[in-house]
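Each of the two complexes below includes chain A, the first together with chain B, the second together with chain C.
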Partner chain A sequence: MVTFALLAAVSVVGALGVVLLRQPIHAALALVGTLLTLAVFFVTLQAHFLAAIQVIVYAGAIMVLFLFVIMLLNVEEQHAGARPWLRWLAYGVGVLAAAGLIVGALADPRQIPDPALARAALRGGNAGLIAEVLFVDFMLAFQLVGVLLLTAMVGAVALVQRPQPPSAGAISAEAREAGLKERRGRPGSPEVVEAGGR
Partner chain B sequence: MVPTEAYVALSGVLFSIGAVGVLTRRSAIMIFLSVELMLNAANLALVAYAYHWAGTGALTGISGQTAVFIILSVAAAEVAIGLGILVAIFRNRASTDVNALAEVRL
Partner chain C sequence: MDPLWVTFIKALVLCLLLLGAFAYMTLIERRLLGRMQHRRGPNRTGPFGLLQPMADAIKSVFKEDIIVTNADKVVYVLAPTISIVFALSAFGAIPGGPAGSLFGLNPWVVDLDIGVLYILAVTSVGVYGIFLGGWASNSKYALLGSLRSSAQIISYELGLGLSVLSVIMIAGTLNLREIVEFGVWTVSPWLWPPLAIAFVAFVISAIAEVNRTPFDLPEAEQEIVAGYMTEYSSIKWALYQMAEYVNMMTAAAFISTLFLGGYRGPAVVERLIPGSSEWPIVWLVLKMAIFMFLFIWLRASLPRFRYDQLMRFGWLYLFEVALAATLLTGAVIAFVL
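Here is the complex of A and B:
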């Protein structure tokens, strides 16, 4: 219970950091902290394979993609919105929703699951047991996820691809020629020798 | 032992914080980060319920964990395509402020 309280505090602080920190990089790193504490929760809930996947795929691959894009776009959060009361309204709605969910969850007490029974049934949540369910009961979902990943890959490449003008080669050759002429005009620079040698 | 309600309550708190982030953040990339937080809150609830019901059936518990696995793949696809759209928007407008995209409506 002490472990749970400590980890819950860390994960909630990280989540608040995602929402409140101004710098996008700091917010993304706070989310990495929350994801890592969630991985520890998965370990305590006998889901060891999911914990490993959480660290490798979520905290590793997906968050690196996020950080890469944040640094690429140089995102800066501008403040001073037109209606500041809307922000406070959103905070109020969030606090109400959180309180309602806590009360709703705790007002419906269940029997604490028998740890030995759960451990025996889940077998540590290892990859083999998950594969047995994934490739039999979840076969359709598995196939659809494959199609979805392929679509996402093609879509991402198509979206980020720069539109190439038909005479791109000619333009770049012209530009290179102009650059060479300009460099020749400057005396004393080492490029002049190099350009003359060509 | 920690009761299942505690995990579900924590999941609800994380989900609410993520929802507040979606409502208050202005930059599209920060809205994406908050959506990731909400997805992870749902994952935590699924894993907690998987542990709770593992004793009742042979495959009940492990099915919850497999659903988390599928959600994770969908989240990865969503991030790839969403960040691609963001880069395309940024190339045209040099900003990811969602308020500046107000003319994108039906």
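Here is the complex of A and C:
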């Protein structure tokens, strides 16, 4: 219980940091901290596999991409812009949503399941059980999600692609050399990284 | 399961061993590079230069610790700490011998069911150290270095993950100790070609992940000064160096554990000296030494990739080869065995 309270406090502080910090990199780092705390939550629940996946996918891949983009675009600190009332509106909506969430959670008639039951269902939290759920019970849904992600990725690539010259099939050696030089100029072109998203 | 205090002491000892090994790896590396380049390397401090690491340590501790005025102070100090903390934590899951072989103790810090994923997860968080350091320095060369490192590490993580899959599919477990005990090469000769391909792909990706030549673009000194650590000095710079060498050792141990039987000795020696395969630590350290030598050898022999070559190699060749190895393993398991 003490562990839970400590972890909960840390993760809430991290989540507040994401919203309140002005510097985008600091906000992203606070999010990384929150995600790592969530991974520790999984560890305390004996779900080791989920914890590892949480760290690899969220902290290790997605947030690295976030930070990469923030650094590449060199986003500066944001100050109150032309519409100062917008922030107060956002605060109001946020407080309302949080209140709604708390009321919803407290009014929920469902009971917390017995921990022994949960532990039996997790079976030590290893990969086999999750694989069974993903690849046997929900095979079709899993495959469809994969196709959906692929579609999103192809769409993103299609959106950022510049129009090709008509004779794209037969690029002269000169043009290719020029293209290479241009690519060499920019470290880590965003298209390349886009394709790396998981 | 060990009691908590035993785990704690083992973790402490492991950290000290890794840092000691780091100190002497710098000496070994410089001496070997000297040999390979027809010069002597550091040999003045103590016999064979053996006291050189001490001199280096004293020097880096007493140098002025500069914090750049326009740096983001918190992140600037945090970054090298992240690097070294996650580098040291990753090694804990590597088993050093069979259960209870180290004077009745287990020669590992933690025995996780998801050991493979643990090491991949911890090393992938370690990247933050490098590229936050480059950003916090508020210098364009440092920023370029950190952008390069994040793009490179994400690209090569795919090759790394895919080539591990072959081993996991054959052994059917994510526990490193069980993978070693299983012995992936003993299953069937049909599995040797995909395993060999996966092994080569894994070694190449691992070298890219630890930023060693020919993949050391984040710190390419001819192009971007020293990349992400340009603005670091004194002990913070030393922390980055430690993290790099500890990561190299973890990579070497990880490769040995996955593909080369980890802590188990070769069968030939086992036949000559029965029971030698059960010795803890010895075989793992020997196998690690082979890979550390390989890393140094490559540094002395290969020029650095150009950035576009690095990306093309990672995405167009390494990724496909690793994928082919995985598919081949799957096909052999499904249709032949």
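Brief remarks on what is shown
We take it that the second predicted complex is superposed on the first by the 139 of 198 C-alpha atoms of A that agree within 3 Å, B and C clash if a C-alpha of one lies under 4 Å from a C-alpha of the other, contacts with A are read in each partner's own complex, and residues count from 1 in each chain.
We take it that a residue touches a chain if its C-beta (ideal position, glycine included) is under 8 Å from a C-beta of that chain, and two chains touch if they have at least 3 such contacts.
What you see is a predicted model; the values in this text were computed from it and never measured.
Applying the stated contact rule after C-alpha superposition, one finds that A:159 touches chain B and leaves chain C untouched. Of the two partner chains, chain B is the only one touched by A:110; chain C is not. Touched residues of chain A were counted for both chain B and chain C, and B has more of them. Contact with chain B, but none with chain C, is seen for A:66 once the two complexes are overlaid on the shared chain. In the superposed model, A:42 makes contact with chain B only, not with chain C. Residue contacts after overlaying the shared chain place A:91 against chain B, while chain C stays out of touching range. Looking at the shared chain after the overlay, A:16 reaches chain B, while chain C stays out of its contact range. When the two structures are aligned on the shared chain, A:55 is found in touch with chain C, with no touch to chain B. Shared contact residues on chain A (touching chain B in one structure, chain C in the other): 49, 53, 61, 65, 72.
The residues of chain A lying in touch with chain B in their complex are 1, 4, 8, 11-12, 15-16, 18-19, 24, 27-28, 31, 34-35, 38, 41-42, 44-47, 49-50, 53-54, 57-58, 61-62, 65-66, 69-70, 72-73, 75, 77-78, 81, 87, 90-91, 93-95, 97-98, 101-102, 104-106, 108-110, 112-115, 117-118, 121-122, 125, 129-130, 132-134, 137-138, 141-142, 145, 148-149, 151-153, 155-156, 159-160. Residue ranges on chain C touching chain A, taken from their complex, read 72, 75, 112-114, 117-118, 120-122, 124-125, 127-128, 131-132, 135, 143-144, 146-148, 150-151, 153-155, 157-158, 174, 306-308, 311, 315.
Chain contact summary for the complex, chain A toward chain C: residues 23, 25-26, 29, 32, 36, 48-49, 52-53, 55-56, 59-61, 64-65, 67-68, 71-72, 124, 126-127, 180, 183-184, 187-188, 192-193, 195-196. Chain contact summary for the complex, chain B toward chain A: residues 1-10, 12-21, 23-27, 29-30, 32-34, 36-37, 40, 43-44, 47-48, 50-55, 58-59, 61-63, 65-70, 72-81, 83-88, 90, 96-97, 99.
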